[in-house]
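Note that chain A is present in both complexes that follow, paired respectively with chain B and with chain C.
Presenting the complex of A and B:
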């Protein structure tokens, strides 16, 4: 009888010990609740007939003209895809963002290829590094032209064929910095420097702004010919928000 | 030693003259109607300078040879008239030579600059700007629309600063990055610079004219052979000067007409 009681007691004690240890282990690391970041998606459209984009003749630079022989290029001031989607529109949070200025961790490339800038329009965060690459067999002279007298300083650098990438960043917001090449007059692009997350619309006009915590924001969409439009957007926890923009062709 | 030096001078002089006399490095074939006078001028200059060069080197070598063993203090012959005579002779000889070249060259210059273009010369405008040449044809109305420099926007391909919405004469203007002209047709080239000084140089056409910012310049010429030629900027204009060029196509009248039609559709 005594032995049986002792055995039962020991069993109960072991169970209790195991359970308590298990509970202690489960309490070992208490993580904070995951941030309920969400995203804002949408489409930018152009209403009306887009202005005629003029063809570019690169005959003074035969190496680049050869790249485009099969697909002639035009200016890219207004690029409209199927269904009226407007490309190269930068969408960002102009009001309401309280996070770090530099919210992205990538180092995008600004490429000079076939004597064109790829991408034609690039979104950037303040102090976000980007790399200027020359993949053409000819020299380029990259010349960004921020607002004179402003916190972003104008510079131009020659980049011969095969030169290493130029790694740099912009210290201040600016919508937008026009970039040209001093050697090839038809080259044109824009760098849009903002704070916080941003997205750039693609061929179909679709954009996505990632990493947006819940809150109320003013969303701005900027296009190089049509300027900026704003919209108020509320982002709920864990639920993606939608915002669409329509620009009118003049 | 001095005699060896004298011989070396003569050898070098003769060796340098040989490729010039044999025309080893000759200029491009002349495809213009006015170029012959320029080529003749170049030829005459080379002959005059060449003969003077050979003569002076040989005379120098002879003097070195003749007086190489002379003892110090020995009297040498004096040039008649002394130093003054020598200077006067040099003055007259060189002066006559330069004067002669000037007289022969006047015709080459006048052919280009002091003659008026024919009444039916085809006008083409060229604008030079860092670092490309762009051209404008007046289109069917035969008139060039006005230029508005404040409207120049290369990103939009408005190179000349035209305002077709407000200037009817600009509506049919044809702007191109390549120049084409019909063969055997006189062309009147209207030139201006957008920014700094450049130069329009087509070696085969014997045309070489600087652009001076602020000046509107004119040239006229006729091309006599079909082909594709390079227009190079030959006035240092900045870091892209080495890359500043355009292509000139001399075409048959038919080919030119279809080229112009195609360019009109690309506006």
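Presenting the complex of A and C:
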């Protein structure tokens, strides 16, 4: 009798465990990947002395200047973190991807905060929706400028303080779309629109490209100042592949 | 015997080369398939083919043979002539990022562009002008793959009142028009000197204090349309997502008080003793609860 009770308790516990794992998987940004899909991880580093980043004078916008009182803000053309890790590098599959049209559907936020774009560089899948948010107490105009004459088209919309988010997407791949705000000329950021999954390097330069089926790929790493680097990578079923990039400071 | 073979081969090569050359010419001619482009405005239908002569006569000097805005006069002009191959246009009734309607373009060449070297082409017949619009469109493939956006709706203009002008001033402050156009509309706002267009060329904001006519027209409806759809390719954004039609009219009335000519709005502002806004004052009360919005081409 006691054994049966224990068995029942174990059953309930394992059911709860499975449910919670399923919930965690469903919460992940990338669509739940079939078990055969793998990932590519690695680190992007910068060799040499990074170029000087100019301080940004936001005195014309006191509300934004106040946000950065403690930590003076600089340009973000090259951001090097711990151990020479290069931040804001977008890593994606430039060749070999044959997955669905829009594989990633995480709806990331493109936030205007303290008169800066957060993130400064955003990866996007073709047709993946993103939200433009203004959390500043001031107006911004959001002005993405794709290559003129290309498949993506320039637009320019005002987003006053307290305005609702703008939900939109890009119909074609483009590395990279420069975004600026004409009211605050120091504001600059990039949207990198690619086909399939992507990863963006963090403070330590590490990135992870999720949802990659087994196969041979060309992996490209793009950085706004140094441009693109590529390397071949082979992904085996269920085994994460590793790829590292090193950019040289000019 | 051998020389004969050689002769034969030379002949064959010559014939082939000639055929190849003439074929190349044929393909080059066929490249301009876009000349079948049409344009429609009202009861008029324009054909690009019919405008080739007029384009060469009147437009090519600035806009160039290829429509890329690199005509021989272009170096002397500021602002630069429009590059039709990019199909980006300032004066639209359609949302930012979409193609203008044929009628928008037809109105533009009829009216000319204020503060630029683009004159009014009304001396040409309306048929000639609509043909030219078809010709302007033939320079970009975008017209073949995309439809123009849905024009924004402009409700009937309400009666000007003192309350509306005051409300317009609040909107002028809230939307921060003054950041570029200046607190008195003198184009001297804090961001005015840093503005560039989409080709990274310096560009000035509109000076309400000096100018009577706007880039895309001179009527109240034109002014309404300009700030609601924005001027694509310039720093002027679209405000259609965040300004309701009633508020837009209020803003039109307030902007009229800043202009140099005598206006009814200016008279009312004078009676009110309306002072320019104080940009350092706290922002006016914000609008009602935000509603979700998209970047679609739907009119607001």
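Note that the second predicted complex is superposed on the first by the 215 of 250 C-alpha atoms of A that agree within 3 Å, B and C clash if a C-alpha of one lies under 4 Å from a C-alpha of the other, contacts with A are read in each partner's own complex, and residues count from 1 in each chain.
Definition applied: contacts are C-beta pairs under 8 Å (C-beta built on N, C-alpha and C of every residue); 3 or more make two chains touch, one makes a residue touch a chain.
As the structure is a computational prediction, the values presented were derived from the model and not from experiment.
A.B. asks: Here chain A is shared; do chain B and chain C fit on it together or clash?
C.D. replies: Aligned on chain A, chain B and chain C clash with each other.
A.B. asks: Once chain A of both complexes is superposed, is A:168 in touch with chain B (first), chain C (second), both, or neither?
C.D. replies: A:168 sits against chain C, while chain B stays out of touch.
A.B. asks: Which of the two partners, first being chain B and second being chain C, lies in contact with A:188: first, second, both, or neither?
C.D. replies: First partner only.
A.B. asks: On chain A, which partner's contacts cover more residues, chain B's or chain C's?
C.D. replies: Tallying touched residues of chain A, the top partner is C.
A.B. asks: After superposition on the shared chain, which partner residues are touched by A:143: those of chain B (first), chain C (second), both, or neither?
C.D. replies: Once the two structures are laid over each other on A, A:143 reaches chain C alone.
A.B. asks: Touch test for A:77: chain B only (first), chain C only (second), both, or neither?
C.D. replies: In the superposition, A:77 contacts chain B only.
A.B. asks: Touch check for A:60: first (chain B), second (chain C), both, or neither?
C.D. replies: both
A.B. asks: Touch check for A:234: first (chain B), second (chain C), both, or neither?
C.D. replies: The answer is neither, since A:234 touches no partner chain.
A.B. asks: In the superposed arrangement, which partner chain does A:153 touch: chain B (first), chain C (second), both, or neither?
C.D. replies: second
A.B. asks: Common interface residues of chain A with chain B and chain C?
C.D. replies: Correct list for chain A: 60, 138-139, 141, 158, 182-185.
A.B. asks: Please output the residues of chain A touching chain B within their complex, sorted ascending.
C.D. replies: Listed in rising order, the residues of chain A that touch chain B are 54-61, 75, 77, 138-139, 141, 158, 178, 180, 182-186, 188.
A.B. asks: Which positions of chain B touch chain A when the two form their complex?
C.D. replies: 129-133, 154-157, 159, 176-178, 238-240, 243-247, 266-267
A.B. asks: How about chain C: which of its residues touch chain A in the complex?
C.D. replies: On the chain C side, the touching residues are 83, 85-88, 95-98, 140, 142, 174-176, 179-180, 190-191, 194-196, 198-199, 230, 232-239, 241-242, 283, 286-287, 290-295.
A.B. asks: Would you pull the chain A residues touching chain C in the complex into a rising list?
C.D. replies: So the residues of chain A touching chain C come out as 60, 137-139, 141-143, 145, 148-149, 153-168, 182-185.
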